[in-house]
């Protein structure tokens, strides 16, 4: 059947339309409209919510609230979100960044979704129907998310220099990721006091490198100090072969790139 | 870029006005204003869209095709199968008597590669065509597939293409295009060192920014204009004429401007079926490859496997070179028999070797049919040859550039395919490279010349 | 099939068209507005040939629903030259051999324009970043980078 | 981490066209009433600038300026036969056809001018600026425009010419393979400098220096454009491109420009080019075909540079970081 677009002013009005077979929520369109163009006839209705409220970005009291429809470009140019600029810039070229949304990136299948890796490391929360849900939970169950709409993500601003991000690509400056690493690192007295590391393209969704995190707490960020963490960097990872890199290669170079990220001067 | 006019200065006429002048391209102004007209930059009322049902298998027998549901789908105007094609067996080079015809426009009994066209759907919109494609029911019986040239040539391998009877192209010289000069085995026996190495390449895609496609338009009087981005207008016209069993004067190709091609738009894959569709529906028909089709369905450069065995002397002279080159044609010939022959003519590269034996095989497998691409028949050979040259230089302990200069062909040298070399300039290219790239070479190498071999 | 009205300005001219629901801006521009300067190279958002400016922002028209931009200001390569006089950027593309087959050129120039509109004196890296969503298979990119940098220099001289 | 530097060289030659099937192209040239010239072909411009080159060849041959020549490509109702644009044959084959056609047209032009000036046509020449003059007395001249007008309206002559260029078919000897695959060859030598990250296998091509010999650079600007793009493509073929990344598995072939890898604008090597010219005996003004060969020598030069950097040979292209890393690990592993 022909494609139909249903536009609503408010999220609550859009929810019933999403229940229909073949209905999908349209964010920036960079992945969904592409699927339609490529002939995915399982998509017959695109549900969209107009109006600027979902695109709002608010930063106050050490927290940021980023509307789900805020684009990568909007995040990148926001003066209070400078630490997120590398992650937002990692998405596509300039045109894609003017379209791709923060909410959409959470649902982007590998090898896409590099921004969600940053959000996971930042321990962000998503907002659905006014209620928070941790990004970890949302990503874990994102395939079962049909019929719900993420309206915003919120996160605590990391301390200056605490957030690190790297996307390894074959094609520069903006190719698909071999892998992506985001980390929030807190140090006290010369050792790591707390750390969250998120990995992209090391599974079918962004994951936390919990074994590496555990192996870093209480250790200095020196070549020797991080050794045990690098040895377990890939624990729990299940990377895939794709056109950019094989699972084998991803596993092999993950410790190399994690090591470089950890040893980089913050 | 710098032109070094000092080389071969006495062979060049510098009293020319227009030739050699860096005139701006006249088409650049149209390009930068978006006015350059590509084939698809036309709109025709009532234009239909053609989408293909393609094989999901590498190799399978077609048990049945049921298009009834697709035909009933809203927006569908016509569904075409093999029986609709007047002469459903072709090969593009039949025009220069390189046969046999070995490929179907739409598959009949079998599919021989994953992606082979089976059924064409014509609909009012792309969406309706895509939906109808999903409603075509094809029942396949999967057959063992062969995806490797050596496997294809081994005894008992499944036959890929029955029109050839075996999994290689039969040249008049036998199972390969063979070229030889001297006695390669005697050369090996006399050599100080032997080195045999194998080189391989992956198929690659031309990836022009504009995908392959055409729009066929009925012009009345049973004549058809086809707007196309083919690289070869009459190739396309003449092959369409054969496939459609229509006299050439009924066909009119308009093109001449392609959004990149690189050899990828030499095959005749979209025009005949689009013209047929225009004829059978009386309406303009667009058949444009999607990007996915361009990347995975359009013919790639052939994967090659090249085995080079060299006999080399301590002083750096290569005295024997044997090359076995296996060109993976995929399931159908297209331009590959020609490409393998071009490879046979290219070896042993731009070097003078007295004893040479070359066997170039065009091998059929169940991979995507390969065809022409920038450097057709030569590029992969050059990769193999020049890596081999590097290894040989190290084997005899010589500088890689000096080693090449020792062996470089010169005017008057006899090539393996028994033509005297003329107009050679390899030596000067290497000499200039040594200066330009600051790669030092010895005095005696600086004095060499392509014009004659030093005493 | 449901038709949806869309009003917009295209290179300054007011337009009103009916499109199929779900039609992309690329389809609208090419089939309804007859602006063939906008090219469809992939329809996947991965080649940039369809790049246009919407309300001054670079977008991929192949992934943009036409009806979502009712009232928008659309700019394409076809509207760049004024009264037949090429912009400095267009001239630079021609002069620096930044165009061969010409198919990527419309999107490439729009991406470059989006850069120069925001950042009139870009670094080489800025240019590399700005064209990173646009594929060119002919030139090897270097002539394009040079053209954009040269246009920026020429603009600076012109403005002085 | 160690970044290792390496250098490699490669040299190649390349046939201009391939005449194992007989290789023809035809051209028509005619003058308009006001003395502009039209070249009609069915050859295709795939972006390489064929139209511009054919205009320059026609202009040089007749002796007018290039901007007076219009080239119409690829309408089979009007353009005579051309095998097509491939095999580095376009400039050579179509160019020769245009020369023949232009010479025939020029002959008529001179004959008409001779009648107007009341001299012998063999005493006339074009001056390249739109006039025909008496060789020994250049002040006696007539403009090409006036000549064309006279031809059309006074003499009833068609200033036109037919051009045909055929490289006859070469049948390889079935026993020895003796054949004449091409009449002329272009040449190249490339030096590549690379850096290889020996922990990840990633390669950065720092610099590519190309020397190309292509007979005659008919238009240096267009040649530079083609050679520059070709050099990039060679790097791409060496390191990036495949439709089957896991062959013999056929899955994960790229279906878009994100997955089908090629060097982005952030991956460019510093590329320098030197051109030598050894005019070919049968090329139009000495030209050979540069279109394909310019993308070839970079591949082995880069492969050899990688070996020079890290001491492992990758004999399968593309030379991906994974292939390099696997080879490095195999080389480092203790012998079994």
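Observations
As written, the chain order gives the labels A, B, C and D, with residue 1 at the start of each chain.
Just so we're on the same page, a contact is a pair of C-beta atoms (placed from the backbone, for glycine too) under 8 Å apart; a residue touches a chain by one contact, two chains touch by 3 or more.
Because the structure is a prediction, the values reported are computed rather than measured.
Listed by label, the chains touching subunit A and subunit B alike are C, D. Once the centre of each chain is set as its mean CA position, subunit B and subunit D turn out to be 17 Å apart. One simple way to say how far apart two chains are is to compare their mean CA positions; for subunit B and subunit C this gives 33 Å. One inter-chain figure worth recording: subunit A and subunit D are separated by 47 Å, centre to centre, where each centre is the mean of the chain's CA atoms. Mean C-alpha positions place subunit A and subunit C at a centre distance of 29 Å. Counting only residues that touch two or more partner chains, subunit A has 2-3, 38, 173-174.
For subunit B, the set of residues touching two or more other chains reads 24-25, 27, 125, 207, 257-262, 290-292. Counting partner chains per residue, subunit D has residues 46-47, 49, 221-222, 224, 228, 230, 233, 245, 253-254, 256-258, 260, 262, 264-266 touching two or more of them. The touch graph of these protein chains is complete, with an edge between every pair of chains. Across the complex, subunit A meets subunit D through its residues 170-176, 241-246, 248-249, 252-253, 256-257, 260. Of all the residues in subunit B, the ones that touch subunit A in their complex are 51, 125-128, 130-131, 133-134, 290, 292.
Note for the complex: subunit B touches subunit C at residues 24-25, 27-38, 40-43, 125, 206-211, 257-262, 290-291. Of all residues in subunit A, those touching subunit C in their complex are 2-5, 7, 26, 28-30, 33-34, 36-38, 46, 48, 50, 73, 89, 92-96, 98-99, 173-174. Residues 46-49, 221-222, 224-226, 228-233, 256-258, 262, 264-266, 268, 271 of subunit D are the ones that touch subunit C when the two sit in their complex.
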